[in-house]
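After the structure tokens below, expect a handful of questions from me.
First chain written, first letter: the chains are A, B, C and D, and each begins at residue 1.
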Amino acid sequence: MLDFMRDLLAPNRPRLMIKPDSAYSIKTPLVPANSVAGRSLVMVIAIMTFLAALTAGAATLISDASIDWRGEAASEASIQLRPTKGRDIEADLESAANIAAKTRGVASVKIYSKADSEGLLSPWLGQGLDLQELPVPRMIVLKLDTKARPDLSKLGVEIVSAVPGASLDDHHIFISRLGDMARAATMISLFIFILVVIALGIAVASATRAAVATNREIVEVLHLVGATDRFIAREFRRRFFSLGLSGAVLGGGGAILFFAGIKLLSNSWRATAGGDQTEALFGDFTLSPTGYGVVLLLIACVAGLTGYLSQQIVFRHLQQLNE
Amino acid sequence: MLSFENVGLRYGVSPETLRDITFEIAPHSFQFLTGPSGAGKTTLMRLIIMALKPTRGIINIFGKDTERLNQEEVTATRRGIGIVFQDFRLLDHLTLYENVALPLQVQGHEESSYRAEVTELLRWVGLGERVTAPPSVLSGGEKQRAAIARALISRPKLLLADEPTGNVDPTMARRILRLFVELHKSGTAVIIATHDLTLMDQYDEARRLVLADGRLHIFE
Amino acid sequence: MLDFMRDLLAPNRPRLMIKPDSAYSIKTPLVPANSVAGRSLVMVIAIMTFLAALTAGAATLISDASIDWRGEAASEASIQLRPTKGRDIEADLESAANIAAKTRGVASVKIYSKADSEGLLSPWLGQGLDLQELPVPRMIVLKLDTKARPDLSKLGVEIVSAVPGASLDDHHIFISRLGDMARAATMISLFIFILVVIALGIAVASATRAAVATNREIVEVLHLVGATDRFIAREFRRRFFSLGLSGAVLGGGGAILFFAGIKLLSNSWRATAGGDQTEALFGDFTLSPTGYGVVLLLIACVAGLTGYLSQQIVFRHLQQLNE
Amino acid sequence: MLSFENVGLRYGVSPETLRDITFEIAPHSFQFLTGPSGAGKTTLMRLIIMALKPTRGIINIFGKDTERLNQEEVTATRRGIGIVFQDFRLLDHLTLYENVALPLQVQGHEESSYRAEVTELLRWVGLGERVTAPPSVLSGGEKQRAAIARALISRPKLLLADEPTGNVDPTMARRILRLFVELHKSGTAVIIATHDLTLMDQYDEARRLVLADGRLHIFE
């Protein structure tokens, strides 16, 4: 209390009439909490985060699916035996299977029966064909341990030397084609993700700039009543960080819900032919932990970005005021 | 505590608004700054709080050349100055109480240490009933008085008041003048920019600084 | 000129000193042209339009590609002939081919030689297999006129009755599988497009609201100095329509440039395996006229939406002022 | 041309700011509206231009009950009223010239029909040199004079001026009063809200409306 004022106030207004101190207090943040520009910033951030999280999720889905495809292909190899006159093919199959089974890294060995092999061929030779008389090649399918793949070239040599007319197919052409395809798909989705993240950055930056601009008057007043640059910038960063966080959580959370919803839907789609196709392409739409990790990282980055940008913009404005 | 030496100020390419301004403000002094509309009173005050840099000349404040102050020193200096803006510059999203407490809040003081002072000062300027109102619902005079309260709350060494009674009735103007005079007597140097002749006549002991045609004339 | 003022002004300021009338004139639009909020609105609109145009383009690419796949499959059929003891397979092939060639809607007929057929089989039977002794089925490939497809079931009956052991395959299982797949892909891309368009709508609406909010003072002043609601709303609509148009042209144009760039890139990619894969999936990345049409439509809609929204927001604000 | 009948106004849940206000403004009349700060002068003016609806009572303007006007009629009525806002309300993105021309522009008049008038009026209020400046670079008094020019440009039947001389020097205040008086003599009804006793003393023929404690006292 300014001392002289006590005297001025004293006669007609007794000290007792003053309201208790606690009746008033500072509650409002110095940077307005609920302006239109602020809410719009939250919406823009939410939408951009949603889209970015969607592309990130799609990218991980695609790359996961492609890993699945390749993994499946890479975890198998096959030995083919062509019937040769004068050899007992069943015995050859047995010995080739034995060699394979003894090799480290081969998890299981399965000899396809003649009927199985014919079944594999029938789509290509026509159903009604009588294959009895045909020298149909026979197959042994090897499941490989993907963690400790066997040395297939060595195994190939061993088998060929033990069983003439046998050949080992490690699917490497198929795998490398699949690999190219998967790499292309992953690259495209990554590229789109980067595009969306750039768009996110630009949108957040310009919406933040607009929201800060509506508070320019506040910056100036705070400055002139004796607030340090650091204090002002900190108030803005704090406020805009929380705006960014709300937006990012809204958008990222929306994306997670979206993926959850799609998974539910895909379960009911599965019956339909179209659903089957999409599932074949994209797996069962289950976002991997990586996917969730990326979305969470995105949320943190967006909130941080918003806070950082607002601080920078305010600092720059303050610098202009200072010179 | 404040001195101008051959200070000149030019806005953009227009002719100099202030020319060769030289004067000194002593501690504990009281002066009216007057002059026709557009003479440069507000400009002079903006130079003092360093919202504006002079085109030429030297401004010394609290013993320091303003040209040489770094950012922290500028802030520290501003904390020694209270200012009533001609257009009030209250923050519309804060309550009146919060507006008046602002200078102390940004200095990092504990709220409990100034709560009583803020409410009492608001009562003194006749706003005891409007403590929790936002400035946007106040009348012109009420805003002006809130702006005055905000300038006084940190007990500045130097008080600048730009047309502080332009929107209040003569009774309230007298009351505000009395507040300024008491503040001055308790040790603050006061500069009041005003057009109000009646107001100036009410306090004869004050120096008068008159701005006209960009030059300053001093009547002790 | 207020008449009495002439007299007041007359003595010391002669009329001649007045600047020529044309020195001053009204140039500034009543709604500010270059505010931070306005520029931010343009950026947000540009980005959202870009993303929407991108998804629209991708959707048309995918649906075009799927039409290509299906078109290719649908423009072919094949006749398979299994060798039967006691019949001259070459003669049977000739007569089946003749029947097919005479049918309306069959554009061309090609008999695969024995070597061709063996070539088709070799990946499945193994390279080294001597097929000389095998009764390899033979093929006739028919190119169909897609505009006037022949009645394949009738053709089938004709061929089977003329050449026992022949069968007509119209690829309909393959086509319907492809169709399911294409429908699924198109649905997904359409779904994403709709999602992005909704996001676009929300983003534009909230950014417009924020930009209008910064001009609230102007609305009030115009209102009180005697502007009609219609006048004010029109000024806002006009201004925001042009903001929306700039943003939409920027974003849509960017997307078109983007597709052009991708096409250029894909030409240089084509050599690589990954490029081949993506091209197989997406065609040659050439946006069809439909694609361009959708982007242009998008630009118009976004500009219209921005103008309309701003008008509505201003109208609502005016209504509040009026009551 | 303007009459209030038992008008009351309450902001939100607070006690009535205006109570049982009854008065009439004749065409070609001139009155000062005065009263302590916060008495309700600005509120009264906002009632007249229909920026605010009364809580009770009837306001008749230009012979029509404001309660019954539709939107077009409200606009038409406003076009007959010129108003100088206490806080000026100039548009910062327009030049001074454009600001003053605004009321005519929104009425759809041809620019060539008022260009000379606008520049001449600006010269008369001492802003001839600042025609193309934006309001943000003006001094307080300059803004006030621009606001006055904007209120006069459309030759209103009724002029409301809220504290129009609070930021200008006494000489300029006299000049502005002379402008208002001439306007009044040429047929406009004028209401000037002011605290400035000196100003009121300069034109004795004016009626005085005094607001106090929510009630209106009239001194003819």
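The criterion applied here is as follows: a residue touches a chain if its C-beta (ideal position, glycine included) is under 8 Å from a C-beta of that chain, and two chains touch if they have at least 3 such contacts.
The shown structure was predicted, so the numbers you read here are calculated from the model rather than taken from an experiment.
Can you give me the shortest step count from chain A to chain D, moving only between touching chains?
So the least number of steps between the two chains is 2.
If you take the mean of the Cα atoms for each chain, which one ends up farthest from chain D?
Following the centroid criterion, the farthest chain would be A.
Taking each chain's centre as its mean C-alpha position, how far apart are chain B and chain D in Å?
Computed from C-alpha means, the inter-chain centre distance equals 29 Å.
Could you give the separation in Å between the centres of chain A and chain C, each centre being the mean of its C-alpha atoms?
25
Where the centres are mean C-alpha positions, what is the separation of chain B from chain C, in Å?
One centre to the other, that is 63 Å.
Take the average of all CA coordinates in chain C, do the same for chain D, and state the distance between these two points in whole angstrom.
58
Which positions in chain A are in touch with at least two other chains?
35, in rising order.
Tell me the shape of the graph of touching chains, choosing from line, ring, star, complete and other.
It is a ring, because the chains touch in a row that closes back on itself.
For this structure, enumerate the chain pairs that meet the touch criterion.
Touching chain pairs, listed by label, come out as A-B, A-C, B-D, C-D.
In the complex formed with chain A, which residues of chain C make contact?
Listed in rising order, the residues are 35-37, 39-41, 43-44, 47-48, 50-51, 54, 80, 82, 120-121, 124-126, 128-129, 134-137, 167, 176-177, 180-181, 183-185, 187-188, 192, 195-196, 199, 202-203, 206-207, 209-211, 213-214, 273-278, 281.
Along chain D, where are the residues that touch chain C in the complex?
49, 51, 53, 71-72, 74-75, 78-79, 83, 89, 91, 93-95, 97-98, 101-103, 105-107, 111-112, 115-121, 123-124, 131-132, 150, 152, 154-155, 178-179, 182-183, 185-186
Can you list the residues on chain B that touch chain D in the complex?
11, 34-38, 41-43, 86-87, 126, 137, 139-142, 144-145, 162-163, 166-173, 195, 197-198
Could you pull out which chain A residues touch chain B in their complex?
Against chain B, the touching part of chain A is residues 1-5, 8-9, 13, 18-19, 21-28, 30, 32, 35, 217-218, 220-222, 224-229, 231, 321-323.
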